[in-house]
Amino acid sequence: MRESRKSKVESRKTKVESRKTASLKEQRQVTIRRYIFVFILYSLFLTPLFAQSNLTYELKVGATGDVQVLKAFPESYAGEKVNIRIQTAALKVESQKTAALKDLDFVFVNEGPVEGFDSIYSFTDEAQVRWIVWKNGKEIKNRTQRVLVGNAYNTFEAYLHEQLDKKKNCGWIWWVFAGLLLVGTVLYGGYIFYSRRKERDLTPVEQETLRRQRMGMRRHYGSQLYLWLLLMVLYAPIALIAVFSFTKSKVLGNWTGFSMELYANLFTGHADAGLNSAIWYTVVIALVAATCATILGTLAAIGIYNMRARSRKVVSLLNSVPMINPDIITGISLFLLFVALGMSQGLGTVCIAHVVFCTPYVVLSVLPRLSRMNPNTYEAALDLGATPGQALRMVMLPELWPGMLSGFILALTLSVDDFGVTFFTKGSGGLETLSTFIYSDARKGGLTPELRPLFTIILLVMLTVLIYINIRNSKQEEK
Amino acid sequence: MNKILQIASSRRTWAWPYILFMLLFVVLPLILVGVYAFTDIDGHFTVRNFAKFFSHSEAIQTFLYSVMIAVFNTAICLLIGYPAAYIMAQEDFKTPKVMAMLFILPMWINFLLRTVATVELFNMLGLPLGEGALLFGLCYDYLPFMIYPIYNTLQKMDNSLVEAAQDLGANRWQSFWKVIVPLSMPGVYSGIVMVFMPTVSTFAIAELLTHNNIKLFGSLIQDYITTTDLLNYGAVLSLVLLIIIALTSFFGDNNDDGEKGGMI
Amino acid sequence: MGKNPFIIEVNHVFKQFEDGKFALNDVSLQVKKGEFVTILGPSGCGKTTLLRCIAGFQVASSGDILLKGEDVTKTPPYKRPVNTVFQKYALFPHLNVFNNVAFGLKLKKEDPETIKKKVRKALKMANMTGYEERKVDTLSGGQQQRVAIARAIVNEPEVLLLDEPLSALDLKMRHDMQIELKELHEKLGITFIYVTHDQEEALTLSDRVVVMNEGKIQQIGTPTDIYNEPQNCFVADFIGESNILSGTMIKDKKVEFCGQEFDCIDTGFGENNPVDVVIRPEDIYIWKVESQKSKDRPADSKTADADRAQTDSQNIEDDPEDRVPKGKFTKWYGEVQSCIFKGVHYEMRVLTKDGYEFLIQDYHEYLPGTEVGMLVRPEDIQIMKKEHYIYNYFEGEVLKNGKVRFIGAEWEVLPKQIEGLEPGEKVQVKVPFRSIDLQDYEEEGKLSGEVHFILYKGNHYHLTIRTDEGYDLYVNTHDVWDDGDRVGVVIPKDKILIDKLVD
């Protein structure tokens, strides 16, 4: 009798075990399927981006506004006839007038540097150039670019879509992605087929269990797809910059082979001088502003915490004003203040402005730590003979430290990120931070190539900081 | 000396430097905007600047256009962001934390760079820059600000409320509209404020995304305020913007969620 | 089709969560129309999961659930004729009391007049008349509870599910609400399924109690059945207090424990089979014995019958109030260790000479140090089948290095145990309960685990240790452990017995 009972127990145990593994397997299957699914989506999404091989013309607008064709890629197009029309229009903001477009037609034979196209049209000021490119009487390219006469970056590239000749050139990229897509699809299909085959060996009860589990998950497929698509759109521009930081072409979207040259330039100071000083200023301003904001904000938080309810409300309201105010209002109001006070605008004013909008966030990150603290420790320290300064240093700071740190980091990122306030308070002395540099750079019609690696590095740093803070927060929550 | 010590040991006083600082650099400048709006170039009181604004059809048109763009952008962000936040806040959804982080991360990257990247993407895909690009870029820049607060309120919501609704006979659709949506309204308000306010006051993005073809109110203010003799008129425009901001923040007043502070 | 007496039928339902754990493990249950059924169990036993499966918030992994004979296993909650009262009420904070109660009716598109009438009636039933316009967050816990009940019953469900509805209320409020719930059940005449971890609540309210543990139903029965005739150690231990002892069923109506034979009324356990014996503390009679006489009493040499004859005569003088039943009852003796006044009765711990400890409740006080005699009536001895015997059984595998792998670790064994076995061969491993050593520090053991369940067996503890890999080990020990203690597990190599596995 004991034997039979025992074997019953055993069989029950193994049954439970097999169920357990079945569920784990199902989970793994779902994970694998999700990865394959995302992979396919990405292939679909990225293929058109890379499938176009660009026919690129590098043109130079000279000091007098003359246009010169420097180079054309790829060389295999040599000998092909392309019509290019350049439309220009003087564009002065103040006058609000737009000159009539002038058409400059010329035929371009792709044979490397071409003579005979110098001195086509002379610009006098900032201008907008519109390229219209025909081939065989069909318009294939219509692009507007901004040019500044005499600017170092007037060499710019106009690129054409691969409607010209797809198969001949960069078709291989397309094939690679198509291949990847095919592999992904085959893997996915194979996996489904394989797991369905496996399922046939299960008992009917287990099959029913799997079916019910899957029923719950299928509901999410649509939602998952939505989120992933949204993320892809959200990250497409970012990914674009990150990807093209590994090639040295001047224009984004023109892949001229893998290269770390831009990174090297960035770190050896071979990048544009304006960019170098912008990075330098950004770091200095961020550090100064964040430090001041942390000190000021921590003191303020301690003060606010110990205030009576009514005055606390008033100060909290005051604290929230810079957070609610959009950049432009903060910037303009400070600009007016500096004008009224007759202060010359420069590094100092920018730092003050940054402290203004950073401090409220420091206050907000220190306050919760204070409310978690035992309110009597400070008094206890005073009671034991510490001066207020000592009590602050020895009793309060160790407790407030994490809040101050996250406030400091927050202030740093806000300061680095800021454009609006800096723009209005930097004055006209040539002070540029990264943001304002990007702005003026972009207005000129292109992005300094070294910004791409810089951006990629910032992205990675941000990612690391965010992950670090998240991990720390979740650990604290566990406690 | 003793007296100083006494003052310092009352911790209430520790906020004084900050209060002083804020009065000087936040309150005073805002008052100055008003002062400049009501004075002419020589500092005499005048309402001519306002008269100019109301007869300046370009300014009014730009203003209305900016508000319209901001409303559109807010609506689009809400339409796209709400479902995303809702899906992520679902209890049985697998990887919500990482997902939410991924959605919030772009917020921390310089928005000008993101805008430039958007412009480049449009160029690369051969899409024309203009109103469409402007809306796309704005939406792209501010979507995280919509998703985050909604996600937060939805996540804090007790799931048993939804279950209670279903238990009482509401199908998924009904329980969504009758329970989830009303309860997530604080998050929606705060998202609307966080998207609408920066959009209505934006100035650099529009320029880059439309190749300066479309001018928003922010750019207009920028043009005037940086021109010395038109500074007072610029102050009037800023005041108009300030009023809009004040009205909007009043609209979203019923929630106290810290904005960026809560995002990490 | 014949009339189905059951309104709810749960057939072999399993519910497995993603981590592989079973919240419900083969649960079957039938509920008659109009019954008040309570599902009782400790937290995490699966009782709420079962309720949620019936309500439709969770879908069973396998098995089915029938409502009025109709399969509703996969039916969404809004299509089921059941309503739930949630643990923390789950009232809609954006609606006032009236709209909360009217929520379900409005969804059904009933006309406003009917809605008003029905809501008023439901609120009256729940004693909440006059609160219609109040916001729900201004109500007290008890009032919110009443609104939650009104909101559920206004839809006239055929089954009302209550998920620990009183757990958030204070003691006094809870008692009042218990009475109200009972009255409500009688008034409405519908089926109530009530989930709680409070045994008193379960016993007072329900027609039938379902005791659950670890995702399995331990026992179903009326409150009296559950209390007086627990079917296993878990139920005996969980409901009320009890003395649980290991014994042997000598034959029908004859059981041996504490070294003595007792008459009992249970049959059908076979002959000389190990069993568990449960005696409720209030069922043991106790009286004072003169220590002189008890010392004189020859302890072991005499037969049980002679012993009985002698002690019978003792009773008469020591029990002047005549409380102890007369007759041929087996008696045993011990010394009172502690005595605590519990309000109505005294609770005493009595230690016998053989080292068995008994918990006894009596109206009389016997001070520590008193020698006492004890007896129990045959009908108060509850016999239960032993769930597991002396050995842990595991499936193992012989390894090349002469070790044996089981429960997720490699163990050294005596060479003679694996003589003639090939490496890789599957074997059955036996480890006696009392041969497993538990260490205070998990690092000292080969495996680490947690004390999962403790049963005091009179003179030793019977522990269930759940290892981190998810295996259950049964251990008999004299050491005192607490629930949830982390332990290291050591099995001496000479205590591991290997059997060849025969298919």
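Chains: A, B and C, in written order; residue numbering restarts at 1 for each.
Basically, a residue touches a chain if its C-beta (ideal position, glycine included) is under 8 Å from a C-beta of that chain, and two chains touch if they have at least 3 such contacts.
If you're wondering where the values come from, they're calculated on a predicted model, not measured in any experiment.
Colleague: Under the touch criterion given at the top, what is the topological distance in steps from subunit A to subunit B?
Modeller: Contact-graph shortest path, subunit A to subunit B, evaluates to 1.
Colleague: Between B-C and A-C, name the chain pair that shares the greater number of C-beta pairs in contact.
Modeller: Top pair by contacting C-beta pairs is B-C.
Colleague: Which chain maximises the distance between its CA centroid and that of subunit B?
Modeller: C
Colleague: How big is the gap, in whole Å, between where the Cα atoms of subunit A centre and where those of subunit B centre?
Modeller: 19
Colleague: Can you give the whole-Å distance between the Cα centres of subunit A and subunit C?
Modeller: 58
Colleague: Scan subunit B for residues touching two or more other chains and write them down.
Modeller: none
Colleague: Considering subunit A alone, which of its residues make contact with at least two other chains?
Modeller: 216
Colleague: Can you check the complex and tell me which residues of subunit C touch subunit A?
Modeller: 14, 16, 18, 20, 22, 25, 59-62, 74, 270, 388-389, 393, 395, 470
Colleague: Using the touch rule from the top, collect the residues of subunit B that touch subunit A in their complex.
Modeller: It is residues 5, 8-19, 21-22, 25-30, 32-33, 36, 80, 83-84, 87-88, 90, 92-94, 97, 99, 101-106, 108-121, 123-126, 128-129, 140, 143, 197-198, 200-204, 207-208, 211-212, 218, 221-223, 225, 227, 231, 234-235, 238, 241-242, 245, 249, 258-261, 264 of subunit B that touch subunit A.
Colleague: Enumerate the contact residues on subunit A facing subunit C in the complex.
Modeller: 1-2, 6, 9-10, 13-14, 16, 19-21, 23-24, 27, 205-206, 208-209, 212-213, 215-216
Colleague: Okay, in this complex, where on subunit B does subunit C touch?
Modeller: By the definition above, subunit B touches subunit C via 158, 160-161, 163-172, 174-175, 178-179, 182-183.
Colleague: Write out the stretch or stretches of subunit A touching subunit B in their complex.
Modeller: 48-49, 91, 93-94, 128, 141-144, 146, 161, 216, 220, 223-224, 226-227, 230-231, 233-238, 240-241, 252-253, 296-297, 299-307, 315, 318-319, 321-330, 332-337, 339-340, 352-353, 355-356, 359, 361, 363-365, 378, 382, 387-389, 406, 409-410, 413-414, 416-417, 419-420, 423-424, 434-435, 438-439, 442-443, 447, 451, 455, 458-459, 462-463, 466-467, 469-470, 473
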